[in-house]
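Quick heads-up: structures coming right below.
Next, two complexes with chain A in common: one pairs it with chain B, the other with chain C.
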Partner chain A sequence: MSEKAFVLTGVEKQLGDFRLKIDDLSMDRGFVLGLVGRNGAGKTTTIRILLNLIYPDRGRVSVLGLSMPRDESTIKRRIGYVSENPSFYEDMTVAWTIGLVSRYYPAWDQELSQHYLRKFDLDPRKRVKQLSKGMRVKLALTLALSHRPELLLLDEPTSGVDPVIRRELLEEIADMIKDERHAVVFSSHITQDVEQVADYVAIIDDGRVREYADKERLLDRWCRVTGRTPANGRDISPLFRSLRTQGDSFSGITDRYSPEWERRLEETGVSGHRVHRLGLDEILLSLSGKEI
Partner chain B sequence: MGPLVSKEFVQMRSQLLQTVGFLALALVVFSRTSPDMVLTFFNVFPVVMAMTLPQLSFMHEERGHTFCFLRALPMRPWEIVAAKYLATFVVMVGFGILLLLVGTLVIAVRPTVLMAHLTVILLLSLLLAAISYFFHFWLGLKAARVALLVLVGLVGGAFMLAVVPDASAVTALLSSPAGSS
Partner chain C sequence: MLIVLDNSNPAPLYQQIVDQVRAKVLAGEIQPGTQLPSIRQLAADLLTSVITTKRAYQELEAAGLIQTRPGRGTYVCELTESSRQRLKLAEVEDHIREAVQAAARLGIRRPQLVELLERMMEAEGLDDE
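Showing the complex of A and B:
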């Protein structure tokens, strides 16, 4: 199982004023990739391109070692998908919906589906229109997981659901990647969720992947450094992405923090400096050009 | 494809009940006094159904955002279209049989005449439904409505000119200045 979970190469898509442009984005199996970005940044478009729900204007899309759209049906049989607002036929029951979906997946596991129904406390006799948003997400998750997908695509699944369901969902994701054949792509603007479960993080802003790295390395690199400016007047701004000074104090953001970087900072003559790791939300804000 | 077809029936059910209701009303009101009106209704109804069922089906899908749900499944787009068309076909044939029974038993039209008449109307309606589904998938809901209206207007106009016994007189009447006749 050496093939990648997915590879996007030179993918471009114009949707009105919005343009998605991904030069290269890929992911190995056995990991969770968190797609982080503001609303409208391009997370949903990226996921929909992986599913061929949106056709890219150019570029190559490969999923589980197969080419999209050439092998669309084969790929979809091996993928699970939960959209931000799961939509089903309102007048139909949970059991009917499961019956419909199960026909299209040869690997559908009826026992597993029953297990999720019990676990999520879903009544198969209920009509979809009687389900709350949280229960719909649970139904979507049941449908997405019951054929044991190799790649699970979750588009903002935790937005608008209560903390209990959020926790259950994040636990399911963590359970799923215990088997290294599987992979999860998880998009969210709730950065705490991504920090909790993701192994890798891709930060998308304005249709571009601004950062893509191992989560821990990313969080190690991005720091806020505060201290007193050098008495000798040396310019320290080249060491920072953004820098504010007030009197003899400074506060700067760097995305290149390392012991070597800190040594170079000390050589400039700064004093009393302190390093604070940034959270994903602060990194996102900084990449968006917002002051933090 | 069975569940997809059954879902179409569930979505159409209120429209079907409404049509059966109109049919019953037409029968009660006109069957004794003016059977021709009932026959006119028989002629018009399949064409109206052929226009409205695809529109309703697409409206349901768009309002419920369910195309995304279907497209995420490993099914081919033609399966979605085929299920919709199959459901429409079953409904039209079912109503055709119902109309045949009503026409022969209640209005006492000769079965062979009525059957031949209904067959032509149903075939035309099924062709119209197929075009309507094609337009809806190709153009989307709003543009498909306009395209269908234009198409029906053109075909209807051509049909009227072709079958009206004295079409030239009608054309002359339409083209003559007001009051000159």
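Showing the complex of A and C:
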């Protein structure tokens, strides 16, 4: 069994004006990857490439140790996918929808699908058009999980969904990973969700991966540091990505915080400095060139 | 083991886990030899990531509070009285350091800070022995 949940190598795709370029992105099984980025940054495109819904111009795609597109049908049976705005036959019932999808999967477990219907409070007799957005996502998740996939791909699962359902969705993501052979990739612009359940974070901006790291290490590195500038007028800006000063106070952002970095800062003669971790949303803003 | 994570708390989630487990062990709420959940189980229970719980357990292990035996699980360590004292003091030390740093920033002098400390110890009824 391959250790890797997926591997993208040298992947490029041109879509109109937009160009996606991922040199190297992969993750081991047993973890959750959160894809973060602005709308239009390339998160959905990346997920679609993993599913072969979009075929890259260049590069290699491997999922669960198998090759896309050569092993596409085998891969598809072992993964579950929830798209951003899941579409269904609106006039049909939940039960009918499950019946339809179940036929595509040899590993479909009907009892499991019923378990999810109960758990998610989905009435099988309801027509899809009667379901709220959150219920639609839960139906899509039921369809994705009932054939016991090894990899779960979710595109903006918690967007536009009420807090109760959002919580249910995050619980399913966390639950999936109890089995260390499983993996989850989800994209979200709700950075708080990614901060909470993701093991790894990939920040995608303008078609490129700007940061990819273990979440805790990423959050360790990106900090806001405040304090008083050195009395001898020494320039501390080389230590920072961005720096603001007013009088003798400074506030700066660094993406390289570490105990050694802090020693170098102290050596410059700053005083009263305090270090705060940045949130993922602030990191995204800083990478987008916004002042924070 | 009841751990509560607070997203609005500025402390990192792994730190909150470390602090709460340490507090419970030092207070005797969790006995030495108790088995802790696996990092995966804890992550699922707390609705957080495996990386986070792994980091928390690593720090707790480095502090000598827990020990992971591969294939067997993670257990709370037996603490000697002196290591228990050392760990309790370490916890208080962090808080005192913050106060001293704040005092330094504000230009408060030593005698004033000592007096403040004495007053507070009196108010909280700290033992003199």
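Worth pointing out:
Everything below uses one rule, namely that the second predicted complex is superposed on the first by the 290 of 292 C-alpha atoms of A that agree within 3 Å, B and C clash if a C-alpha of one lies under 4 Å from a C-alpha of the other, contacts with A are read in each partner's own complex, and residues count from 1 in each chain.
Heads up, the rule we're going with is that contacts are C-beta pairs under 8 Å (C-beta built on N, C-alpha and C of every residue); 3 or more make two chains touch, one makes a residue touch a chain.
Predicted, not measured: the structure shown is a model, and the values here were computed from it.
Superposition note: with chain A as the common reference, chain B and chain C can be accommodated side by side. Contacts of A:Val32 after superposition on the shared chain: chain C is touched, whereas chain B is not.
Contacts of A:Glu90 after superposition: chain B is touched, whereas chain C is not reached. Once chain A of one complex is fitted onto chain A of the other, the partner contacts of A:Leu51 are limited to chain B, with no touch recorded for chain C. Contacts of A:Leu285 after superposition: neither chain B nor chain C is touched.
In the superposition on chain A, A:Val275 contacts neither chain B nor chain C.
Of the two partner chains, neither chain B nor chain C is touched by A:Ile190. Contacts of A:Glu216 after superposition on the shared chain: chain C is touched, whereas chain B is not.
No C-alpha atom of chain B lies closer than 27 Å to any C-alpha atom of chain C in the overlay. The contact surfaces that chain B and chain C form on chain A in the two complexes do not overlap at any residue. Within the complex, the chain A residues that touch chain C are 30-32, 167, 170-171, 174-175, 177-178, 180, 192, 196-200, 214-216, 219, 272, 276-277. On chain C, the positions that touch chain A within their shared complex are 7, 10, 12-14, 40-41, 43-44, 47-52, 55, 101, 104-105. Chain A makes touch with chain B in their complex at residues 51, 53, 72-74, 76-77, 81, 83, 85-92, 96, 99-101, 103-105. Of all the residues in chain B, the ones that touch chain A in their complex are 3-4, 7, 10-11, 64-66, 68-69, 71-76.
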